[in-house]
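One chain, chain A, appears in both complexes that follow, with chain B as partner in the first and chain C in the second.
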Partner chain A sequence: MTTYPKIVALVIVLAVLSRACLLAQVKPRFEKPILLTSAGQSADVTIASTLLKKAQIESTVKSLAQPADLAGIRTLVIVAGYSSKGLGAAGISRDEEMARVKALLAAAAKAGVRVLTMHLGGAARRGNQSDDFNRVAAEAATYLLVVKGGNEDQFFGDIARSKKIPIDVVDKISSAVVPLQAVIP
Partner chain B sequence: MQVAVGTRAAVATAHPLATEVALAMLAKGGNAVDAAVAAAFAIGVVEPDGSGLGGGGGMLVFQASTKTGVYINYYGRAGQRLEGFPYDADQDRQSAKAALVPGTVAGLLRALEDHGSLPLATLLEPAIRYAEEGFAIDATLAKIILDNFGLLERDSVTASVYLDEGFPRPEGDMLIQKDLASTLRAIAEQGRAGFYEGKVAESIVRDVNNHGGLFTLEDFRDYREIATKPVAGTYRGYDVLSAAIPQSGASIIEALNILENVPLADLGHPSKSVESLHLIAEALRRTYADRSAFVADPLFEDVPLKGLTSKAYALERFLDINMQRATPPKYRDTKAGDPSRYEKESDSRNAADQDVRDFALGEADRGGHTTHLVVVDTSGTMVSLTQTLGTFFGSGLTTAGVLMNNARSNFNRTTRVNSPKANKQPRSSIAPTILVKNGLPVLALGSPGSARIVSTIVQLITNIVDFGMDAAAANDAPRFFCQKFEDYLYIENRIGEDIRDGLRAKGHTLEVYGDYDLFFGGAQIILFDPSGRTYQASADPRRGGASGAY
Partner chain C sequence: MQAHHARALLLLALTAGFGYLAGRDFGSMHRPDRIIPGSGVTQQTTLSRYSPHLLGASGETPVYILEGKKPGGTLAILGGVHPNEAAGFLSCAVIVEHAAVLQGRLIVIPQASWGGYTCTDPMEAYPQQYAIPLGEGERTFRYGSRGMNPVDQWPDPLVYLHYPSGQQLSGIETRNLNRCFPGRPDGTYTERVAHAIQQMLQSEDVDIAVDLHEAAPEYPVINTIVAHERGMEIAASAVLSLELEDLQYTLERSPVRFRGLSHREWGDATDAYAFLMETGNIMQGRLRGATSPELLLTGVDPMYLKAARIGMVKIPYDSTGVPLNVRVGRHLQGLRALVEGYNALHPERPIGITQLPSYAECVTSGIGAFLNAPEADPSSTSGEDQ
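Presenting the complex of A and B:
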């Protein structure tokens, strides 16, 4: 190949990439300190903690975080997914957990704390019991990071579109490390 | 398929592949015990969270030809160095320190030896194949892996099986267990010695001890299952056979005896009747209180088994129930009764007959999360089998491909009778059960689900006997649970608000779970329908099970 066609090809690639960038959602940036909590008390908060460690992002984990725990916090990472076992272990009812999550999100909004909502459990964390928590956590998000199996019906995609929330959908849990590093530099 | 109907034979297990295995063994000319043994080995591979070589269980066989039942208790048993061994019931619950000497291999081989007909290698071939070649993770297993991530990441060998790049394997991933395949092959080639002696036993003892356990090679060499009479009772014209103590068949019979004092059918199904649900809940509270106070390893403790299963004692417990108000209003207020006064009642047909063979004392296991399967063959012989690792994934430690149990957590310090001792079995909730009518086995059932096992089995029996449900409807019906230790009455979400309000008015504090919640077990049922002379097999919709029949 001569030099001229190479240049043409490069220009075309750059043009396509720049248009793609323009069309892509503008991803928010999240600042530290970070508080990591659950919405529904599933074990996924432990998975999220491991993800953040792999991404070399420091966080404080409080599964039952209260509004007072937001003092000094700049980012609230909330992991959505209901678990009856988790609620039992935490010694709280579903209604109490929902009230806690709503109060925490309201306090975050009032304090200007950005919310990064993750849904990691795929189809296992969907359905009636989980979706109430999924919806509350997703609608309050500044950014959504979702594993594909939980979005097959576009549950999170639809919320993202209607609320204009940037969203990344990854194939598997381990693939969430890269987008996390991108939004939490 | 969750429901199947056949005229000759039927199977239900917690996984479609295990059901296929059982049906394949029947097709090869095997009997119900062959099919159950093959399915039990296979389900330890394809549902590795619930049971496996590193756990224990119990198998109830009712031989149609002899009209007799036998119970093979292969639950875990404490090792000889248990006493004085430091163990923190909270910290060590899911660790190698909680492992007891596993009984699954001994129990299944004993069943095969006494009642089977096919070669061991034939029965083990499917399990070896699924371990070696892998199988696709189903939705139920994917969720359980997700729920237990914290446990699975602790041990690097366990993590290498269940995690991918350090995170839970999702539904659809292939789960391959080559080390487990090797151990299964050793059993196929050497029988019992392939597990309890030689390289496999040495690997388990070394690795468990390196993680804080105190096994000896002698613990493994000396482990013996127990073949004994099942605990027996009656309920509204049916003979009820269930797991011998220290497993929980006696509690099934006690609860049914209490309920027999009322025409339940007249009260209505508990999902539609406050009175009915209240009565069953209160009967269960008393049953659980008695279970906690008295049920223990009969080789170590005096258990008033005749009293616990007597009709007269059940009447006394029934009369203690207040139909207007729930008890206990406070934590742990339900009092155990005094069944010892009924030990000489002539209506009891139980005896703590122990094994017909030599056996040394050995191990135990926990009735936590567990699995259940049922088989009936063309002769009418029925098998009801429950096996477990304790809680899901047991101790979380994998050695020689074997996920070890955490059954020591089934002992407790608060009741003397169930305190840990060397070579003792802890109390367990498992209760494989068979109902017999006019000498013919007509219903085989059981469930996993930890403490919910007794409650769920009692509800299933009343669904069928009192409310005339078929197997599928009985399995589908909303469930509830309560026991002595908790103030809560747990109910599935499908129990309506009107019933909830009525229960609250009687003083119950409700905790509402999902519509179909695994918390309440994952029962498998085979029911003989005399009208069409068919077997109905049902796998619980709460779990990813399957049934088959022909």
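Presenting the complex of A and C:
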């Protein structure tokens, strides 16, 4: 191969890589109205609600949101993490909650509602019981916002890479306000 | 006298001697712990004030009231609902002995399950007493049992039916105060205590009620604030506030269908925002080794170090353990955060507490620094304002 084709090939490779990097860094923008719900019924949904208020972002909170609640909604914020007490408070089983979450995400995809998935509970909301909900919610996301303690093993990082989902990992729950303001202007 | 008569008399004397020593030991558990109220305490009463059915019974646990000069909200704090969870009781003791109120009121019951302090749980090898080091000397307190003393309520049924829901639980739970709310005035001893506490929350117009607990490190609901649904916003605000102090808490909603729990029944039947806080107590863990007063103070256990290495522990755990100073500090900082959250939501009826030790102060100085020596002048103590 002569020098000229080598240069062309190099330019193409660099262009492709640059595009990939650009895509990875470009954060999506989410529009209002916003519906905030849980995947796993942890009370982290209340913390997310407090964060949105701090970010001065209006939202409607429905821990047990159903597909019908998506009417008129442009963004679904889903907070992942299992809680047995939360399921007890909601009066539903784990299987019922999983069926609800899957139906809601399917309806969101069909209606073109963008999904912002948050994981705020750190290591306490990881493990066998939580990770099914974490995976389902993360894989359906347009954008992932995760507190570091829940991603020490790159659980969310790996999903973000394999599904090409932009992700922000913050050190603390309270640090999530700034990225929220960036993606929900 | 024949030889076998002499041997029999000797054995009888020895038996009587051991019986006397054991009886004296058991009897010592009925001597109340000494709490030395600080200058912030404006009134002292007992729980029977709220339910005459407890008059003369061993449920007449002390109630301390700290009232500020300015009117405001009322915070009720309960420790010792489970007397084997020492951090709750000691947090209350620190408040009674050291804190003061600028605005509103604090109502503190350090040993809610008074009867549970007169025994320990069988088969647990719990110590009867433990000592908290002060600057000079030490203060000794009783380590109790999870439930009330069977002497006050016996026998346990095979199945405990919660009143009024009819919920069925294991028979032993009939003596567990945190399964007996809201209680009833003519029920079992534990139900009568629960009823009196419920009456106190109502008659004192309590705005925010906090139940302080501890749990085994392998228990999933730990380093946690459990909140009644009406209090979720306050609790979420508290979790964020605590995180800024590098204290990680999870937030849990009080289950609706699990009846008898403080946060559920207080929140349902009174106007109070109801919360329960948990810290990690190695003494309650199933995996622990030697059980001693030292373990209670340090929280360092080699078996739990192994358990932590294989991911069996639900809280951060290393060779520094989970000392009692840390656990009391977490409770006190958690209380500050809940009060901050409440004040933000109710600026028209705020609660202002002063000289409430922070987490950092408890860890660096030790909780003994905030307990009064018997001969000390409590008014000379100082602390950080909230």
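FYI, the second predicted complex is superposed on the first by the 161 of 185 C-alpha atoms of A that agree within 3 Å, B and C clash if a C-alpha of one lies under 4 Å from a C-alpha of the other, contacts with A are read in each partner's own complex, and residues count from 1 in each chain.
Just so we're on the same page, a residue touches a chain if its C-beta (ideal position, glycine included) is under 8 Å from a C-beta of that chain, and two chains touch if they have at least 3 such contacts.
None of these values were measured; they are calculated from a predicted model.
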Fit or clash between chain C and chain B when superposed on chain A: clash
First (chain B), second (chain C), both or neither touched by A:S93: first
Contacts of A:N128 with chain B and chain C, given as first, second, both or neither: first
Chain B versus chain C as contact partner of A:K85, first or second or both or neither: both
First (chain B), second (chain C), both or neither touched by A:Q154: neither
Chain B versus chain C as contact partner of A:K172, first or second or both or neither: both
Touched partner set for A:T50, first chain B, second chain C, both or neither: both
Shared contact residues on chain A - chain B and chain C: 42-44, 46-47, 50-51, 83-86, 121-122, 124-125, 149, 172-174
Residue ranges of chain A in contact with chain B within the complex: 42-44, 46-47, 50-51, 54, 83-86, 93-94, 121-125, 127-129, 147, 149, 172-174
Chain A partner contacts - residues on chain C that touch it in the complex: 220-221, 223, 226-227, 229, 232-233, 235-237, 239-240, 243-244, 248, 250-258, 314
Complex contact set, residues of chain B against chain A: 139, 142-143, 146-150, 153, 164-168, 170-171, 493, 511-515, 517, 519
Residues of chain A touching chain C in the complex: 41-44, 46-47, 49-51, 83-86, 88-89, 91, 121-122, 124-125, 149, 172-174
